[in-house]
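One chain, chain A, links the two complexes that follow: it is found with chain B in the first and with chain C in the second.
Let's turn to the complex of A and B:
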């Protein structure tokens, strides 16, 4: 009908949104269902199927997950901290201290965005082996300590900061570092939160590179440890797979639920979706 | 008593020097890395750690670091990356079918070249010839069988009985399988199938494996021993694929499209499929979870009953010191000793690839508990190695895509296999 009232179209939009949201969340809901039921009750949904925590018990007994979590946490913290510092400094330089060739340099940074990290697997590994950093958390984080995406994002944000603010700060006698920390960084806070979320979830989920460089329980992150349950040869035991998956995403999921409002607002302001 | 005193001194000196000697050997430890994948359920990493500890207790001068490295693909990626960077593992469990890839990458050393003594040669002769075959090419033995499997037919005896068939009589030919499948296929009032006759997994990664069995049953061969030539346009091969496609389109006893390997055991356990072609590695899972009586049978034939072998072998990498390689060889001999292979078979469901393993107490006791395991053993001499060529990842993908195209009805079997053969010819040309 062409004369759809605004009320009608809101209803359509709401129904559509609910439909998409349910579709999107259904794997997660299934994971919750399967993880808390014995594997024999995994497929047909019976309302009174017995609940159990055995899957979690088995999963926790099969691998040293607390240690894996610690490794992932250390890795993500290291990467996030370094990226924030390095990218902030680089972006600040690109915006406020134009120098000869800075445009070309920025183009080079952008080009790096287009290179898939997997292509550099062997080269990176060789470098790490030469540095003696194989099988260390520092080595695992090394290729990611700077981020082209972060530099690009922060540069765009800093550029949108009114020149007057910077000049006012300078008149007040602030030095360049103070201007960065007191003017630019506070104004870019939404961008920082959004970037932090993207980076944390990316490195929390990263698999191939950590798999290749880690050799021991002391360095292996959760994703690599999880692979032990993907025993494809015998068919898939969904109960255990989902239990292990829930364990590994739980910290991120909980953090997201708690800080949901902040995250959503940051994404709106930072313009990343 | 001067004499005595002197001899006592001498004795002390000798024993001291011995002590010193043993002290230096204890210090001069050989360190080796051992990569292995985990492909089956259960506490596999703990079992491997246990074997390695046992080995180190018996060989205090060798330190082995067992490194779990994901599934087969992950382990191969990790091992090749490390080898390219000059720091390869010394030993690794990788797919038997990866042998040509590893030779082409020039990263492995033939295990056979370390077996110089008569005792070592006897150890190699102890492996079942069918399993050794996949490791032999260019007149060399490149690896030794470790975690090996084979595919068998699992059938639901209860469903057979419900359909009026003899639960103890399993199909031995294609025709019998189709007849049994038609009998056990059940439909509800709306004509919806509630139980299919047979399921043969056709997803990427499983299709080429089980198709190897289908072709062998039809007396055809997919690939030559050198891994340079495939015979996909052979009429017998096309006929085998036609049979597979017909199971669903003509006979109506196979789920339409592609049947998934990963969910096949669940389908079988829920009674949705009465016969599945699956790995022997699934026996423990099915025995634990089946609520009905089921049987394990060798594959049918047309006319030759045949199955296909799969699984991983132990490889030694090239870029290591001679001491490391010698230590690796020792480890390999330990891991493939009759007792360890028997224990490994019981813990995981893999098939012990040595005849003498089956004579150990461990496996004898197990066979009393699970007599079905014997089916796998009896079938091995009739089994063929898995599809394996140079550039294996690429050729396997081409074959898998062709099988999927035929199974989903996008191409006829002859078209699909013809196209695949032409593509594979291009890939393998440099190796001929």
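Let's turn to the complex of A and C:
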């Protein structure tokens, strides 16, 4: 009796889990279905309608998606590179060079966890205009170049590095920069991977601030490009909107499917405080 | 000697972060407050000090109140529902079962997609008469609904999208928490004769309480921070039924270019976030059972 109960509930749980999973992916599956079938001014589609790539061809002919991808790529690279450098330096300062008041400074940094730059977009737009950086990729990235989340995460990791390792390196005559690069950074590699994946997917997907700042094909990231395309096409041709949508998520989605385990583990690592 | 060295190295290392955070976080918080007491500059007329006029206007503004109440409904529904689903998902994929990896991926995939893309997928889903949802409702003779175009249903349509996108994200944190509960603890409880439900209520729930707090605070911030789907799908309409606070702020600031009033709305949003922060640090931290 006591053996039978868990086995039974496992079957129920498995069925429940699969049902929910099916429900969860169905919007995506339906989008795939629509994107690869000829448009008949929207659904309903015949179940055996021929497959086609025409929708994707039309989308690429109608909107400069390759350029949008390039812009997103440049934006994400800029943000990630700067965040890694800036946050590593700050975290190193908090852990290894504490001085009177540095704890207070750290508390101040944490404010940005709550109040992210998009909340302050009116003032940040004003600042950007004053700097002459409207409609530039640098301007689009600037509010995010220092990340409180990154500083917090790297500080936690650096704190767990054994003091002896740091001491040993110093006795061998290593200077502070060498200690950082040879002791702390290598030991924090998993944290860097985790932070990198989280920040790349965040900024690949970011929309509101880029929408406000950008105004041209040369700067627009793919999220804003998709929105511009969809606004024109909405209600006209569903298949093309869905094809454009899938096109714009494809790189991240493919990367996610290949590195699924790393993604999930990185998000877990970044979330545990 | 050592202290002054620390001050020197420490402040040099902190300098880039400090400058960037000052320009794009602290300084705008202060200037928002300042600008909220000024009128909006128009043409050659510069902004003038108008005291609390913008605040008085906000209190008399029915759209502001509508946005606030929409946002409260939106938060009160999306947060508990997506958290409950996230916990269920985490419990589902925590145990061993066939196709565990695929199921987990199915739950998590919406999270890696941009909200704008998600919105466009659902736009298709919600399409009147030939969208899948309307066709399904049509089977029961309830078809021909414009779910996004009707004031009574539009906000709920957005709520469904948000839950779909967020639940898998929160699942990850619950999964991490569940994996840290020692199996011997659960076995011991089972030997004492506890049912699965008792184990869940007496053991699992208290042990994952810190995660629940973390997820809740994140979800609260998210409910006030993410309006991409509003912009993509409804633009706040119909009749402001889907206007959320940040969307209204965006509309006032960048569609009407009324920056003075936008600053006032920003101050309100900052106060909301400050309350969330105080709630986290002050009240909830004491209520949570830590191990």
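In the analysis below, the second predicted complex is superposed on the first by the 210 of 273 C-alpha atoms of A that agree within 3 Å, B and C clash if a C-alpha of one lies under 4 Å from a C-alpha of the other, contacts with A are read in each partner's own complex, and residues count from 1 in each chain.
Here, a residue touches a chain if its C-beta (ideal position, glycine included) is under 8 Å from a C-beta of that chain, and two chains touch if they have at least 3 such contacts.
Given the structure is predicted, the values throughout are model-derived calculations rather than measurements.
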First, second, both or neither for A:208, with chain B first and chain C second: both
Partner chain(s) touched by A:142 [first = chain B, second = chain C, both, neither]: second
First (chain B), second (chain C), both or neither touched by A:227: both
If touched residues of chain A are counted for chain B and for chain C, the larger one: C
Partner chain in contact with A:134 - chain B first, chain C second, else both or neither: first
Touched partner set for A:237, first chain B, second chain C, both or neither: first
Which superposed partner A:122 touches (first chain B, second chain C, both, neither): both
Chain B and chain C footprints on chain A, overlapping residues: 42-44, 121-122, 125-126, 208, 211-212, 224, 227, 230, 234, 238
For the chain A and chain B complex, residues of the former touching the latter: 39-40, 42-44, 61-63, 121-122, 125-126, 129, 134, 208, 211-212, 215-216, 224, 227-228, 230-238, 240
Residue ranges of chain C in contact with chain A within the complex: 3, 5-7, 9-11, 13-14, 16-18, 20-21, 23-29, 31-32, 35, 85, 88-89, 91-93, 95, 97-99, 101-110, 112-117, 120-125, 127, 130-132, 135, 164, 168-169, 172-173, 175-176, 196, 214, 221, 224-225, 227-228, 231-232, 246, 249-250, 253-254, 259, 262-263, 266, 269-270, 273-274, 276-277
Partner chain C, residues of chain A touching it in the complex: 9-10, 13-14, 16-18, 20-22, 24-25, 27-28, 30-31, 34, 42-44, 85-87, 89-90, 92-94, 96-100, 102, 105, 108-109, 111-112, 114-127, 142-143, 145-146, 148, 151, 176, 201, 204-208, 211-212, 223-224, 226-227, 230, 234, 238, 241-242, 244-245, 248-249, 252-253, 256-257, 260, 263-264, 267-268, 271-273
Chain A-facing residues of chain B, complex: 33, 38-41, 43-45, 65, 67-71, 74, 77-78, 81-82, 84-87, 149, 205, 261-266, 269-270, 278-279, 281-282, 285, 289, 349
